[in-house]
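We call the chains A, B and C, going by the order they appear; numbering starts again at 1 in every chain.
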Amino acid sequence: MRNNLVALLIFAALAASPLVIGSYWTGQLTAYLVYGLLAISLSLVWGYGGILCFGQAMFFGIGGYIMAVLTKGMILPDLTSSYIGLLAAMAGAALFALALGYFLFAGRGISGAYLAIITLAITLVLERLMNNWYALGGYNGLLNVPPIKLTFFGASFELWDRLPTFYAVLGVVTVVYFGTSLLLKSAYGLKLTASRTHPDRLSSLGYSVLSIRLSVFALSAAIAGLAGAIFVTLDGFASPTLIGFTLSTEVLIWVAIGGKEMLLAAFLGAILTRTAESWLSEIFGNYWILILGLTFMVSVVLLPKGLLATPLEWLTKGKGKRSG
Amino acid sequence: MLDIHKLSAGYGEAMVLHDISCRIDPGQVTALMGRNGMGKTTLLKTIMGLIKARSGQIIFNGAPIEKQPTHLISRAGLGYVPQGREIFSDFTVAENLHLSQLGHNTGAVLPLEKIYDWFPILKERSEQRAGTFSGGQQQILAIARALIGKPSMLLLDEPTEGIQPSIVHEIGLQLRRIARETGLGILIVEQNVDMVRTLAEEVFFMENGAIQERCDIAALRQDDSLLHRYLSV
Amino acid sequence: MNELFPIILDVSSYILILVLVALGLMIVFGMMGVINMAHGELFMIGAYVMVALQDVGLPFWAGILLAPVIVGFLGLLIEAALIRHIYLRPLDTILATWGLSIALKQLVVLTFGPESQSVTLPVDGSLEIGAFSYPLYRLILMASSVLLIGATFWLFTRTDFGLMARAVIARPATAATLGIDTRRMYRWSFVIGTALAGLAGALVAPIISVDPQMGLGYLVPGFLSILVGGAGPLAGVLVGGAVVGGVNNLLAVWISPVAAMITVYVIAILIIRLKPEGIMGGRRAK
């Protein structure tokens, strides 16, 4: 319960922040929220599902490209609904994850370090592919992606201005965060934990470890795809960097610094690291990346649960009640 | 020489040894008996530093060793023959023996001739790959490997497991001869009563992570009620 | 024939460099189960040692001697300060060394700038036999790589150090009970692995453009070579390196670099998935 309370407070603070931080930073924060969504997706699959994915951006990128292609009317010029775009982005990313997951996990599946290397290789391949897929813009990507158009009961509204866009994105993130939290507290969450810690025991109880792994991989991909789809509408373009190696490793760093085994910590890890980056990269210049790399390294060694998860756990569970 | 005082150890959260205490004098051959899962192997592994002691002390030749890394415990004079022998099956017999010499390069090692004198089969087959050996031959190699470092005490974990009875007896006699010849102390975990009767001078009975009873071998020969109490299922 | 021969030589020299990089990775991975994501940066630093020495006017061959020493010493520091603390957490070693690789890359950017640098060839001539001509340095590079690979194999299969190393790989706990200091073996294997990377970077520096991002281009193919070949016997690296490097370079010449990269990665992923123990067998994925 306290867990939800802390999360609610944080989301309330985020909702109030445009009053304080002004228009420019509201725009920045909107993008950070989307990165936070990507971080939630990685925390789900890695921290809870035990699948170390070094290429989480591939789902983000797939979602982004699907959204761009559909809403630009490149396939069906009459069907450019944002809703369909968002749904297709999620479904497309999830289907790709299902196919990839089946290939990776079925039978004598791949796990651990091998999985990290392979997902890293796949994301490099996809980035190279998108750089050379000229029908989808190649290296330059797709420009002029329209903003999201919300329609209800005939009335329609384009997310063009910063403030409405911020609240719409915050709404989506809030729903996804609490939805995922609820799911993780259900019986499914229990099975997920078991599939990570005691896969043999779980399968001897008659559950299919493969289908649990596939489901969490696909769900995480759908969230990442949703994040990618929203992201391309913010800046108005989709480019190969969305699908690539750099973003994949960045999200890994945010989640590791925040805390992979705690959705809220991972989410805040993304937002705070990005915020810190905007401020500190001005102060420290080129030293910022050096500091980030070293912070990441030190936090992995000394605080494997995450830099934010440790104090957050203390807040949410209270002193002395911490287990394990 | 080996003095264990209130030792507790285990795997992760699960404790296997509870405040165990015992003492083994120099040159003494002691058997450790008990049913499976009572902590015998855990005790040997904790002595060797393969499992970290949670509390308590292990004094070997006057020095505490419970916080030492395994290789220093070995060099301090504790030889170890693990359960399942764990010889390096891709290496030749000579390489297996040489490896142990390398591990003890700081102290004097036993000359190979001595080893070959005790176990002639190792000399005959020194260039053979150890993985092609029978279980008994592998056991002999594992014992020889541990003896190279000139240990003052040898820990053996179920050396007769899965080995033909004829070789079991031979190994028992040879170990007894070596112990008498060199003053080597032995702590042997064993289920095989014949082996214990051939080799041991004293028997500890272990149950639930502690030593419950001890008796000398002569007493055990006359009365085997202890065996029934601690070994039968 | 005269057209094919230089291509075969180019492919072979790429394969040899790849094998050198992969060999260092493999020693560290096979020995300790540590995935060193900063290995590519150590390779890169080896090349930058050559840049730095060229700037201060030291001869090329001094760099070839110094690069492995400097990078090996860096490896010693990394082992003592970082790797030692996370031996028992193999997945965390991926992340921690990844952080290290970012830091090292940025350190090089701060010192040498982000732009690419070049190292002058120490020998300029070419070998000419009839109509066939090939740059002399590339031949020296190939010969040195073959020697280095041979020396590494010799070290691990024919020496006392190698016997202990193989024992620690096969049964670390048992090796320790025989008096072998496993931590010390880990440390020196790590140093050897990093020194190899540094030397490979130094050797290859004159024929590539040296820039802070060059590590990744060797790290991933290096890993794929290990996984394709099999992380057990050292010979696996040769097979894996030949498959990954060979397919990549031949397709790059015949089709295009992009198609080559995509094809070789996909082939490698398929092999790793279908035969996780690698072509030559060995340690199964953990």
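Convention: contacts are C-beta pairs under 8 Å (C-beta built on N, C-alpha and C of every residue); 3 or more make two chains touch, one makes a residue touch a chain.
Worth saying up front: this structure is predicted, and the values here are computed from it rather than measured.
**Q** If I rank A-C and B-C by number of C-beta contact pairs, which comes first?
**A** Greater number of contacting C-beta pairs: A-C.
**Q** Determine, using the mean of C-alpha atoms as each chain's centre, which chain is farthest from chain C.
**A** Farthest from chain C by mean C-alpha position: B.
**Q** Which chain is the middle one, judged by CA centres?
**A** Per-chain C-alpha centroids ranked by distance to the global centroid put C first.
**Q** Between chain A and chain B, what's the gap in Å when you average each chain's C-alpha atoms?
**A** 55
**Q** How many angstrom lie between the CA centroids of chain A and chain C, rounded to a whole number?
**A** 33
**Q** Using CA atom averages as chain centres, what separation in Å is found between chain B and chain C?
**A** Spacing between the chain centres: roughly 43 Å.
**Q** What residues of chain A sit close enough to touch chain C in their complex?
**A** That would be residues 52, 103-104, 108, 110-114, 116-118, 120-122, 124-125, 128-129, 131-132, 245, 249, 252-253, 256, 286-287, 289-290, 292-298, 300-301, 304 of chain A.
**Q** Inside the complex, what are the residues of chain C that reach chain B?
**A** Touching chain B: residues 160, 163-164, 166-167, 170-171, 173-183 of chain C.
**Q** In the complex formed with chain A, which residues of chain C make contact?
**A** 33, 35, 82, 85-86, 89-92, 94-107, 109-110, 216, 220, 223-224, 227, 258, 261-262, 265-266, 268-269, 272-273, 276, 285-286
**Q** Over in the complex, which chain B residues touch chain C? Could you list them?
**A** Within the complex, chain B touches chain C at residues 48-50, 69-71, 74-75, 80, 82, 86, 88, 90-91, 95, 98-100, 102-104, 145-146, 149.
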